[in-house]
Each structure stands twice: as structure tokens, then as C-alpha cells.
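Below is one structure; the comments refer to it alone.
Note that the chains take the letters A, B, C and D in the order they are written out, and that residue 1 is the start of every chain.
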Amino acid sequence: MYNLALLGAGRIGQIHANSVSLNPDCHLKYVVDMNETVAHDTAKKFSSQVASVDEVLNDPDIHAVLICTITSTHADLIERSAKAGKAIFCEKPVDLSIERVNACLQVVEETGVPLMMGFNRRFDPNFAHLKSVLDSGEIGDIELVTISSRDPQAPPASYIESSGGMFRDMTIHDFDVARWLLAEEPISLYATASALTSDHVKTSGDVDTAIITLTCASGKMAVITNSRRASYGYDQRVEVHASGGMLTVNNVSESTLSIATEKGMMSQKPMAFFLERYAAAYRQELEVFIDGLITGVENYPVGEDGRKALLMANAACESIATGKVIELSL
Amino acid sequence: MYNLALLGAGRIGQIHANSVSLNPDCHLKYVVDMNETVAHDTAKKFSSQVASVDEVLNDPDIHAVLICTITSTHADLIERSAKAGKAIFCEKPVDLSIERVNACLQVVEETGVPLMMGFNRRFDPNFAHLKSVLDSGEIGDIELVTISSRDPQAPPASYIESSGGMFRDMTIHDFDVARWLLAEEPISLYATASALTSDHVKTSGDVDTAIITLTCASGKMAVITNSRRASYGYDQRVEVHASGGMLTVNNVSESTLSIATEKGMMSQKPMAFFLERYAAAYRQELEVFIDGLITGVENYPVGEDGRKALLMANAACESIATGKVIELSL
Amino acid sequence: MYNLALLGAGRIGQIHANSVSLNPDCHLKYVVDMNETVAHDTAKKFSSQVASVDEVLNDPDIHAVLICTITSTHADLIERSAKAGKAIFCEKPVDLSIERVNACLQVVEETGVPLMMGFNRRFDPNFAHLKSVLDSGEIGDIELVTISSRDPQAPPASYIESSGGMFRDMTIHDFDVARWLLAEEPISLYATASALTSDHVKTSGDVDTAIITLTCASGKMAVITNSRRASYGYDQRVEVHASGGMLTVNNVSESTLSIATEKGMMSQKPMAFFLERYAAAYRQELEVFIDGLITGVENYPVGEDGRKALLMANAACESIATGKVIELSL
Amino acid sequence: MYNLALLGAGRIGQIHANSVSLNPDCHLKYVVDMNETVAHDTAKKFSSQVASVDEVLNDPDIHAVLICTITSTHADLIERSAKAGKAIFCEKPVDLSIERVNACLQVVEETGVPLMMGFNRRFDPNFAHLKSVLDSGEIGDIELVTISSRDPQAPPASYIESSGGMFRDMTIHDFDVARWLLAEEPISLYATASALTSDHVKTSGDVDTAIITLTCASGKMAVITNSRRASYGYDQRVEVHASGGMLTVNNVSESTLSIATEKGMMSQKPMAFFLERYAAAYRQELEVFIDGLITGVENYPVGEDGRKALLMANAACESIATGKVIELSL
């Protein structure tokens, strides 16, 4: 039996706590949250105890921590957990500052603890199916990857201001997916972006609509299109053009009902947002993390993947600021 | 060069005249129509001459006639044309009376002229594609055929009254498709039907909604669902369940445009009605008829196919009237 | 907290036990199974106790039983549980004999306990979505329901022999769906059927391929097409033609991946079989049963629904045996 | 009756000649082709006369010429035809040299003759449908246009060498579609490209795979993905993300047949290449040109559209050569 502790019992923390509770080899021993009510309610729900970070890290029975707190606390918690010898699952990003990320990952490396970054999309059954067909070789060599990634609506100004901007907050997932699918590091990046969806995005100096192009040394390439507002719902698609054909992952619909009337043939919208679309992915990523605890095999995105995705986000920001193509050294 | 004559220059006659004009081996020499203006305009359009039926049949240069007049004239025109030694293309049906059909086909047989019945659906590129895959054997043996055939809206009362009823007017096409796909004569038929779409259908004693089940001696079966009113347009689909899988022909959409909004994902309706959906089929059936003139190979539905489809329509009427399953001897 | 007992811990019993364990208002107190190992393993997994039927029924703390044993034991267990005052969830059917069903439901009625029949398809999110649109009235009046229901492959001879035949074993679900969607009792039934998929079906005197037509007094109608073997997987679709349009529920695919190659555009097969396709339905039906325990509202199929579906299955058998249309009095 | 002359009776010339023959207001009076046999056969087919360019341009009865010769002759023929006062339909491009294009269009402007450029995709019924919905305003303001444009296979080395390269030969159509849909001139362009499909493309110094990003002053943007080799056929899709939703035009399939087997659900490939996919577009563009002759309204792409698309192709070449973002002044 593996004992885990949840650090941060917000929306995503609840999801991971539930995943732990469904795994017969694990027990969620502790719940840590600044909000006492939330901490107690969550602990009760999962037969856990409320604890402080120190209590968690000092308990030798704890095998792993799940860091689901706000971004600004991630790096500190990773370092402390690493020094305490705990395996770590951390929601992206490690930090918004690349210097801080570098320092933090240095600590992780020195301690040798496993660190899984929560790039959930790799565990979406549809994307994973696509990846497995790519890896099988049956579709030949990858040539061009197209990622469409669009949120249903722009977050409020308060969120945007602490988010690090769209590239570090939202596109960072797409950067990870692009690296994962290309299976080769891109060497240059070009981004163009606008603030088109709402005044508050523009006012906060952020963007909400973008095209980012990535080029690899071999000639493979990828393009990401982003929007913070898709009126038809959460739009998460991938297309891979390869020498032997094309693989496409389309959205998952709310149901398979279609309605034919004199107005046309109406089918259902994509699942509303990430909690719905990626429910299975969240389950699966925790399974893979737990499997890593048991087997010692880290078959998942690690700290270095988080660092590289952040470097790409930084490059996208620089590309927008300068209007130039940015070289990448990943 | 083959010389043809058009008997009846109405809506469907115009389509066939145009098909003839596009065939480099044919000339539409004559146009016959009771309406002089229509006859002259049509003749002018296709560089033809206006003529009477007698003039057409007495002209030894005429190889074939296209009978596109009203149903009640078909049998007479077939007999006269046959006796004049002309090859015949005739819109369905030969006649609404099976006795009259039998007598007429007897004449055709005695004269030995080719008679093609205008069961256009066999020449729809989509249905023809399905049939070719069936015939290739790659999908195994046919087990269950499902035909969905629904008009956009019920015809006016005046049309219904001279139509012979839905089974002889509309379902007759489906009976032909069923026979063609099953490749085995059904031995029993059961129909249930209602008048649901409009008062005038009910008043005229006809039906507008039906399910017809056909069973073959081998155990193969087929089901036809009909409606005279499909608010979303002309609905013409076929599904064949076979030992090795399932073949489906879906509708042809007006365009491939889809519109995603907060209301849902809207794609286009099926093509509006038979002139649009079966435009390519009408072209192709005339090509096959003309090809038959040239090669002598009658690779198309003949009088006997018309007769059998009418027998099935009659059986459907009897099934409705009696509430019983009807044995077929086709 | 509601205490439930599982009677029969086979494949479907495990699913329901798991659903109970996920409901915060319920506890699976007992597991009953003839196989001691299965009983103990299941009890351990869900923190339950192994017990006998008597122990379960004599425990005043037990609110409800889940009958998931073999068919031949259903009626007895229902009667005993009803007499013990327990609410009952029972997998279909009550019994294969209509006389036994009538007697059993008489006991249930006298005791006044709730009895939910496990017609899971009503709780499939896709079918439920279709039903909700129908009930909203936005698509007008129902005219013609088409149910396609096809298993991936015929069960073994041993299963067929105790199954009561395809109509009572498999089509019974479709009869329930038809009644549920039509929202009007059919007054006549016609079935045609064959044994086409395998020798052992034929040998056991059963059928594997069928078309069943249902007609209501109002003129509404429904058609069910069945096969015991669909090479492309579990095929579960519904189409409702109504005065204002058409509703269609298509299959749920294994993933949204499509693969375009020189061979064509390949998308994924339907989910493999009922455990996959109806996973959400099984969860939801238990939720509704539990909700009924809490609220006293029986918003689910009851014993009478099971009885009527069996009457329809019997009528289908009679129709096949006699070749005639059968009148229904439901 | 309008008299037209065909200059160049190759593959695309035949298509336009046929379109003229189907228009009741037009006569194809002359056919000009260096190959005498081709000229005579074509003239015979369309009841035309073989002629020289001089004879065509000196005939006062000729209203318009259709320039379908090889690219290197376009500019000269445009100038001569313009000076002869003939309306001109010309296949793209005017010329591969922007200086030559400028000089040529200067002549056209001075003579005041209509000049339509054969950007056929604007007349594809599917793209035209998308454009009409955009223009209706019902989907709000355009934000991001995605154009997928992929040929089935790379042309032979001989073709590539005289083509001006992929951007001027193939992408030029996509540049026109992008300008047409954006309805605003892009102000910058970035292209990344590789030679991945075949050795001979690489050897000839051309590219076959590319991503091109366009940005407008308002913040609207577009991305084009190209490949010279799509194993699944001619891939021509457009997606427009707008404030009120998303419009998508998908490929047109060879038929609506789908085949479900144990391998998966196979639907048909896109129509094979431009002659099939754009057959209706070719018909329609000639109709619009002829309509322009009759009404004097030039509702079509003109010389300036050809010039701007070439400027974009040149910018793409420069972007590849320099690795930089290129400013556009269109």
C-alpha cells in the first residue's frame, strides 16, 4: 500500500484525490489546504487526515505528494518534497521563471526523487491512441503536426494577471503535446498573436488568439492554433500528416445524438471544458504516476519536459514582442 | 450516330433530353409533347424537330424512344413503339394494372425490342458503389438490407389520386432497390402503414408512413421504412448487414460546410429532392441505355423488373388491407 | 446511509457492487454468491461481509437487494425479498415463463416493495439525451422508430440453450426501448427471423437475425433489426422519425482517432460490447435506483415493464412459428 | 450570342471549352493549339474552327479569349488580347516574374478590358457556401483562418523545374483563398518549409511541405499547411474561427459509402485531384466570367488578385531563404 498526500485541495486536487481513492494499491493519507473547511471536508471524503506540509514531509510512511497548489508555491514545495525524499506529482508549471525552474530541477536531480509533471493530455485516450499508431510506424514518418487548442472562453482578468500570459498558461500544454508527437526537439519558433476576444484580455496586455509554428532540424514541423474563446466549446484536436497518411483526433461530443430538422443536421458540441474532456486523462495520469511508484519506471513527462515547454512559451512571448523568429535550444 | 425521340417533355423528359444531348453518339431527333409551346421550346434547345408519335414511329432512322409521358399512356406507347421496332426507355411504371402490364410485356417480348425501365436509383453512384462492393464478395453474404426512403413532403391531393397510392408511386423504387441488392426474390411481404403527415393524404385513402418487411427463402431479409414527409429533406439511405460487415450509403449533403456555434455543430441537409440527389443517376442511366443500343447488352432493369416491383406494391396494399403477411411469387 | 446486498457476484454483479461503492449514501453490506472464493474476494474489495440469502433478508438494516444471479433464480429471490420488505433491483428477466412472472409480480404488488428491472439502455446517456429531446416536444410527434441492435458475436450453444431464445434474451432490451420511446403500447407485432450466423444457432433451434415490426393504435410504428453477429462490433443505434425531424443516436466509438491512408478514411469501431458501451448506463441505473430508495420516486422500469417486454418476446416467437402477425394486449 | 476563343487546348483548356459549350449564350468559335491534331479534334468536338492567335484577335466577332497555354506565354497573350480589345480569362499565373506581371497589368489597365484570373477555388460550391455564411455576418468577425491544401503526389522533376517552385505553383491558390476569406490584406508573412516527400523535389531545390502564417493589421490571422504528397488523396479543407463560431469545409468524398468491418469503419477518400474536386468550380467560374461579359459586372478575381498572390508567393520564398518574417505591402 502506498501512502500519498494531497497538497492543495482545489478543483484539480479533488480530481487527483478521487483517482487515488480508486486505486486499490494507494491510500490518500493526508490532505493539506490553507482553507480549513476544504481540508476537513476533503479529508473526510477520502478517509484521510488533515495535516500541514511539515507533517506530511516528516512522515516516513508517505511515499509521494501531489502538488496541486497555486503556481507560485510549486517550486518551493517541489524542493522541500524532494529533500524529504518523496516522489512528486506536480501540476504544471514548475514556476513561471525559468531561473527558478532551473534551480528547482537541480534540487530534484540531486535528490533523485521522481518528479512527474501534470501534462494530462498525453494521457487522453484519443491522443494516446494516435501516439500509439505513430509509434507503431504504420503511418510512416511524421511531417507536419497541427494542434487546435481553444478554450470555451477567456478567463477573468484576475486569473490572466497571475497566469504568466496565454503562452505560459494555456499553450504550454500544446507545446508539450507538440514535443511529444514530433519526437524531435524544435529548433525554431515563430508566433503571431492578437487580443480579439474581449477587452479585458487586451487591457491586461495578454493575447487570446495565436498561431505558433515550430520547425525541427529534420524538416518536420508543427503548427498550433489557439483561441481563448470558442463559442462552440472546448476545442482540442490534433492532426498528424505523415508519409503514409494522416491521423486525426477529433473532439469528444457530449453525446452521439444528432437532430435533423429543416434547419440542418445538428450534432452535439464538444465536451464543455477540460474537466469533462480530460476526465479519463486525469484518471490515467495518476495511474501512470502510481505505476511509477510501484515499478520504478517513469513513463511520464518529467521536470525537464516542464522546463522545455516553458522555454517554448518564453520564446513565443519573445517572438510576439520582437516580431521575429526565435531560435530554440532545448 | 443513334437517333432518339423524346415522348413527353416534362420535368423528367427535359433531364433525359439533356443527357442525350451530352452523348456524342446520339442525336435527339424528335420531341413529342401535347403542349405545343413546350414541344417547340424543347426541340429548339436540343436542335430537334417537333413531331407526332406516328411520325416518330414511322421514321426508320429512329433507333429508340424515351417514354416520359404520364403513367396512363405508358403501356400503349410501349406497345406501339415495340411494334415499330424501336428500343424503349420508359419511366416507371409500365402501368398501375398488373393485367395491363402483363399484356404489354407480352407484346414487348414478341417483338424482341429492348425495354429499359427507369429505376434510376440503381445508377446513383453511391448505391452503385455499394452494389459493386457487395458483388465483389469482400463483405461476405448479405443477411439484412435496410432501406430508408423518405420524401421531403407529401404530394398534393391531385397527384395522390392518380398515383396508385404510395406503394405503387414511391415505394416501387424501394422494392426495386431491395430486389437488386438482395439478389434473390423475396417470398413474403408484410407492410404496416399510417397516414400521419397531413389530412389530405388520409382523406384520399392513401398512407404516408410505412414499414415493409421482405423475407427470402434463404433467410435473407429486407426492411423498407417510408415517409412522405421528412422535414430535413430527401432522405435516401441504404444499409446492408452482411456476414463480413456492414455497408452504408448515407445521404449526399448540399455542401460539406459545417457550422459550429454555441447551439451545436450544424452540417448541411441532404440534397433537396430527387432531381438534385439523383442528377448523376439520371445521366448514368441514359448512358447505360445508350450503351445498350450500341453493344446490344442490356445491363439494366427491364420490363420484368417493373412488373415484379408492381407485384410487390400490390402485395403491400393487400397486406395493409388485410393486416396479414402476403406470399409473393416473383 | 442505505445498506444493500448483492445477490450474485458475477460479471454484472461486480459492476453494480462497484456502482454502490461509489455512491456516498450507500454501503454494500453483504455479498452472496454460491462460489465461496468469489463471494469472499468481492466482499473484501467492497468492505462487505459474505452472507447467505437468509441472513440478508433477515437483517432489518438491509434496505435493498440487487439480484444478479442466474435467470432461473430471479422469481424466487424477488418473492422472498419482497416478502422480507426489501426494495429490489433485478436484472432482466423476471422469468422466462409468463405465468411465473405474473405470479411473482402479484407478490411484489401485494408487498408494495419497489422493484426496478435492469433495462440499462434507458440510462445510456445518448439514448437518454434522445428521449429528453423527444419529451421536450421540440421535434414534434413520433412517427417511426428504428432500433438497430446487434451483438458482436453469437453466444455459445450452452448459453443459447438456457437463454429462452434470442427474442427473450437479447431483443427483450429492444422491446423495452421501443415501448419507452413510442410512449404508447403497440397493438400488433410481426417478426421474421433466420439462423444465418453460425451452425450452432441453427442446431439449437434459435434464430440470430431478425426484423420485428410494431404498430400502435395511433399509427405510430417501430422496427427492430437484430443480429447476433456484427463483425464491426456492438451495434446499438436508434433513429426516431418525427413530424418535426429525425433524431439519431449513433454508436460510441472506441476513440475519436481517424486514420487516412491510400486505402481510405478509417475511423474507430463501436465500443466492443455491453460492458463498455453501457458502462455509464450501468452507473446511472444504480444511481436512479438508489435515488428511488431515498426519495420514494420510482423513476425507472418496473416489473410491469419486464412483463410486457416478455409478452412481446413471446409474441415474436409466435410470429416466427406461425408466419403470422400477432395481436398484442399490453 | 457571345463568341469565345480557346488559346491552348490542353487538359484545363478542354474543361473550359466544355463549359462554354454548355452555356446557351456562348459559342466557342475558335480553338488555337500548337499541336494540330489536338486543335482539330477539339474544334470538331465543339463545332469550332482551328485558328491562329492572330486570326482570333483580328476577328471583330470574338468577344473573349480563354488563355490556357503554358505559363510563359500568358503575359504576352494577355497584352495582345487586351490591345485587341478582347475580354480575357487567364489561368494563373500572369507570369512568374513580378516585373513582367506589373507591366502586363499596366497594359490591361490602359486598354480597360476585363481580365479574370482562374482562381477556381473561389467558385467551389463548398468554399462559396462558407464565404456566403461569413459575408452574412451570422458567425461574427473572422479571427483565424486555417487552410489545409495538399496534393496527392509531388509532380515530376520536369514540371517542378518550370513551375516557379511550390509557393508560386501550388500555394498561390491558397494565398488567394486566404486573401478572399480574410477580406483584409495581410501585412506580414512567415514560412517554414522542407523537402520531405521525394528526392527529386529536394534535388530540384524546391520544397514540398510548408506552413505559412499570415497576419493582418487588425489582428486577424491565417495559416496555410501544404504538402505535395497526401497518400489519402487531394486534401482541400478550410476552417474559419470567428467570434461567433467556426466554419469548416471538409473534403468531398468519392462516394457516401462506408464499410464497417472488424478492421474499423472505412469511409471513402477525398476526390482524387483537382479535376474531380473542382469540376463544379470550373463550370461555375466560366459561368461567372460569361455573366461578366453579359452584365459588365466583374464579380471575380482580377489581374490585381493574381499580382498580390504572386507577391505573397515571392515573400514566402524570401522567408524560406532568410529564415525571417517578411513584411507585405499588398
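We take it that a contact is a pair of C-beta atoms (placed from the backbone, for glycine too) under 8 Å apart; a residue touches a chain by one contact, two chains touch by 3 or more.
Just so it is clear, the structure is predicted and the values come from calculations on it, not from any experiment.
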Centroid-based (C-alpha) most distant chain relative to chain D: C
Pair with more cross-chain C-beta pairs in contact, given A-B and A-C: A-C
Rounded Å distance between chain A and chain C, as computed from the means of their C-alpha atoms: 40
Inter-chain centre distance, chain A versus chain B - centres from mean C-alpha coordinates, in Å: 58
Sequence positions of chain B contacting 2 or more other chains: 231-232, 244-246, 259-262, 268
Interfacial residue positions of chain C with respect to chain A in the complex: 24, 45, 125-126, 129-130, 133, 139, 244-252, 254-262, 268
Complex contact set, residues of chain B against chain A: 231-233, 253, 259-269
Chain B-touching residues of chain C, taken from the complex the two chains share: 141, 143-144, 146, 148, 150, 188, 190, 192, 194-197, 209, 211, 213, 215, 218-221, 223, 225, 227, 229-232, 235, 241, 243-246, 323-325
